[in-house]
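Chain naming follows the written order as A, B and C, and within any one chain the residues start at number 1.
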Amino acid sequence: MKPIHFLAIAAALVVLASLPVWANQGVTFIVGLALVEAVFALSWNLLFGFTGMASFGHAAFFAIGGYLCGAGLRYATGVPFLALLGGAGALGALTAFLVGLVALRRSSGIHFAILTLALSEVLRVLIAYSTALGREDGLSAIPRPAVNLGVARLDLTSGQSYYWFLLVASALLAWVLWLVAKGPLGRVLQTIRQDPERAAFMGVDVWRYRLGAFTLSGAVAAVSGALYAPWAQIITPDSAHWIHSTQPMLASLLGGAQSFWGPVIGTILFTAINYATRTLIGLSEIVIGVVLLVIVLSAPSGVMGLLRRFESRRNRPAAAAGGGARVRAATVPTPAGEA
Amino acid sequence: MLFTIINGLATGMAVFLVAAGLTLIFGILKILNFAHGAFFMIGAYVAFMIVGSNPPSLWLFLLASVAAGLVVGALGFITDRTVLRRLRDVDEAYMLIATFAVLLICEGAVKLIWGVNYASINPPPLLDDAIIVGSLFIPTYSAFLIGFGVLVYVALDLAIHRTWLGKLLQAISNDSWMTGLLGVNVPVALTLSVVASFMLAGLAGGILLPNQTLSPVLGGSYLLLAFIAVIIGGLGDIRGAFIASALLGVIESASSVLLPNIPGLATYVFVVVFLLVKPQGLFGSAST
Amino acid sequence: MSTLLSIADIRKSYGALEVLKGVTLDVAEGETFAIIGPNGAGKTTLFRVMTGEAPCNAGTVRYAGRDVTRAPAFERVRLGMGRTFQVARIFPDFTVEENVIVAVEARRSSRGDAAAPRWFQTRPRADVRAEAMEQLERVGLADKAASDARFLSHGDKKRLEFAIALAGRPKILMLDEPTAGMSPADRMATAELIRRLRGESGLTVVMTEHDMDVIFGLANRIFVMNHGEPIACGTLDEIRANPTVQEVYLGKEMYGAEG
């Protein structure tokens, strides 16, 4: 990691960790939501930006984790919170594995997108039908838990302490995803995104890696949902709605899908725009829409792509001059090739 | 039973009216236009402004729908110039995001202009009745929808396969570079087809206004079903979209009778199974 | 010499069109085997069937004594089949070095190598990098290791593709028109590269090619196809003397056909 990146991450962590001290509760709450959404977006982008698969139903995994955790905290009070988080991850992974087992063999590209979308809608309809899960109203009044670490007991019932827990958990999840994305596994996934057939001719079992990435992504998305439920203290069928599935896509593309941290930057921007335009109904959509359009039309590599271009232009002005025009053709990921 | 089917066909034709423009624009530009639902909604609002909650006459209602089509067609021209034209050689996923951005802008604009209140609209005179055949009770508006859907389908099918412009557009869709080389003004032809697709969206907004709760979420509700119809029908295939829409409508209608508590479930399950069994669409061959 | 790759009675149709009408051939270990034929003869389809890129309708493909007819491409690669594409396919978003590193890592992890990468070590191992550089030196790209692969010239992309294929330590190298679209000078350089790599690693080479100078310079045996059927197979002199071949190419220069 370059020193400047390290500094940026350290500074961000300091600001985030000290937030409850100097910002009001409302802001802290919104930033907490942004942390959850950022992890959710990172999990989606592992599929899109690194493996080249566009899932349009990712909110389903978020909802699976959220409902499991919410129901556990409300009904099964004896179950430790960390077990609920682990359970959410396992259930998300299992669901993703089973879906991937069938869907990845039979479909790709736009069909895979619509297939995942339809599956997530099936889940949403079923949740909205289930009386135990509160039908359309969802599960409300979800209590915040206490975590027993053996040596110490962490009481997370206050907003502040749960915020800090949320921050640590999000940072850990992001770190694990970073290791995967930047390591040998991530390199293989990136070859699959760029040219699945070429990857196969290096001896890569493309299908198996896609399935693995999908499973991991589903697990992380489910954990992000599980972290969300006690923070918002409510979870509704809307969390599985396809509109929620578009959230990580927008964040990733806005921030830059080719960059690991792009989805985080995008989530921050979204949150900021939503917060700044919260008083006038309709304005936030217009602002976000315009920003997205400008990004896609002028800088398809997102904010991070712009930064990187700026960086390389400073370092070697001549080499970067031609780079801008070609970014579009070369760095745009191809969704899973039609095999 | 028969009632359910007729009801389903009416729903299906409503879906088709939205899907028609969607599949048309895909067939030519290879863009899956998320914003289509939003423009459909704008059409509905425009028509609503003209006729209000109780359309005074059938003619004014039809006129309002045509006006909605024209307004949205004009918006389509602007969208083509500012956005769609620049998306020609961008990757599929980025096209989706761009049109999604247009959807957001439209939704925001609708909220700003018309507010977030709900409005419900009655069918115009002559369409608020019912036809009774024996024990069968058919709302005239349903019959009108089915008739109108079939009419639009036949008109589109003829326009694409029989007219000079339709053939031209097919040629462009196959190989726009070559067609351009043959002296055809490709950009103008493309713009025309985009405007046609948007006009269809606006027209559908007007026609489907009755029995509808008008609110800023209207765009999303039809869009998803129309999307699915386009995918199942085979992307860019008008006939496929027509049949798929009818099928989806009947399934939706049947499931609302059989599983009234879980709306939509049967439709989505059907979509999942269909995509797994026949991912190439209704009339697609196995090789594509 | 033992047989390394053998295919028997391969048939392949696209719809009603039968492209391969029962093709049988054997490639011996260590030889350079060229497949030629006029346009539409089915060379590329045959190549795709041999590499596992496309399934065949009937017939068998045996490699190193094993039936691999139904084996997907990645399994054939793991058994020691390397290939290049007609239009060089590399990973444009990676640097030149990373292109070869992923190939080395893919080989190591797919063969259960003890030195396989571990998921939590983000940097490539030092020995992986050393091996990648070694391959780049073999193809003469070591000085461009740090540049973005997408900025390479056509000829350099082709070289990089060779390095990627070699990183898999293949026993047999399948080359689909290795000099297509190149200038005459680049063609000769590529032919020279193939000759050198073949000598260094004792590789078996199977290639389709249009450029007869390249083929005459490299191939031990030539297999001629027309209309999906084999019409001759033998050494250069045997092929030249073959009356059927002369008839097929009558009126054309031997290297006149285009891809």
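One rule holds in what follows: a residue touches a chain if its C-beta (ideal position, glycine included) is under 8 Å from a C-beta of that chain, and two chains touch if they have at least 3 such contacts.
By chain, UniProt protein names: A = Branched-chain amino acid ABC transporter permease; B = Amino acid ABC transporter permease.
This one's a predicted model, so the numbers in the text were calculated from it and none came from an experiment.
Set against the C-alpha centre of subunit B, every other chain centre is closer than that of C.
Top-ranked chain pair, ordered by C-beta pairs in contact, is A-B.
Distance from per-chain Cα centroids to the pooled protein Cα centroid is smallest for A.
Subunit A and subunit C, compared by their mean Cα positions, are separated by 41 Å.
With each centre defined as the average position of its C-alpha atoms, the distance from subunit A to subunit B rounds to 32 Å. Once the centre of each chain is set as its mean CA position, subunit B and subunit C turn out to be 49 Å apart.
Residue ranges on subunit C touching subunit A, taken from their complex, read 51, 53, 72-74, 77-78, 82-83, 85, 89-94, 98, 101-103, 105-107, 109-110, 117-122, 124, 150-151, 164, 167-168. Partner subunit B is touched in their complex by these residues of subunit A: 48, 54, 102-103, 106-107, 109-111, 114-115, 117-119, 121-122, 125-126, 129, 242-243, 246, 249-250, 253, 280-290, 292-293, 296-297, 300, 328-329, 332-335.
Across the complex, subunit B meets subunit A through its residues 32, 83, 86-87, 89-94, 97-98, 100-112, 115-116, 220, 224, 227-228, 231, 235, 261-265, 268-269, 271-272, 275-276, 279. Across the complex, subunit C is touched by residues 179-180, 182-185, 187-188, 190-191, 194-195, 197-206, 258, 322, 326, 330-331 of subunit A.
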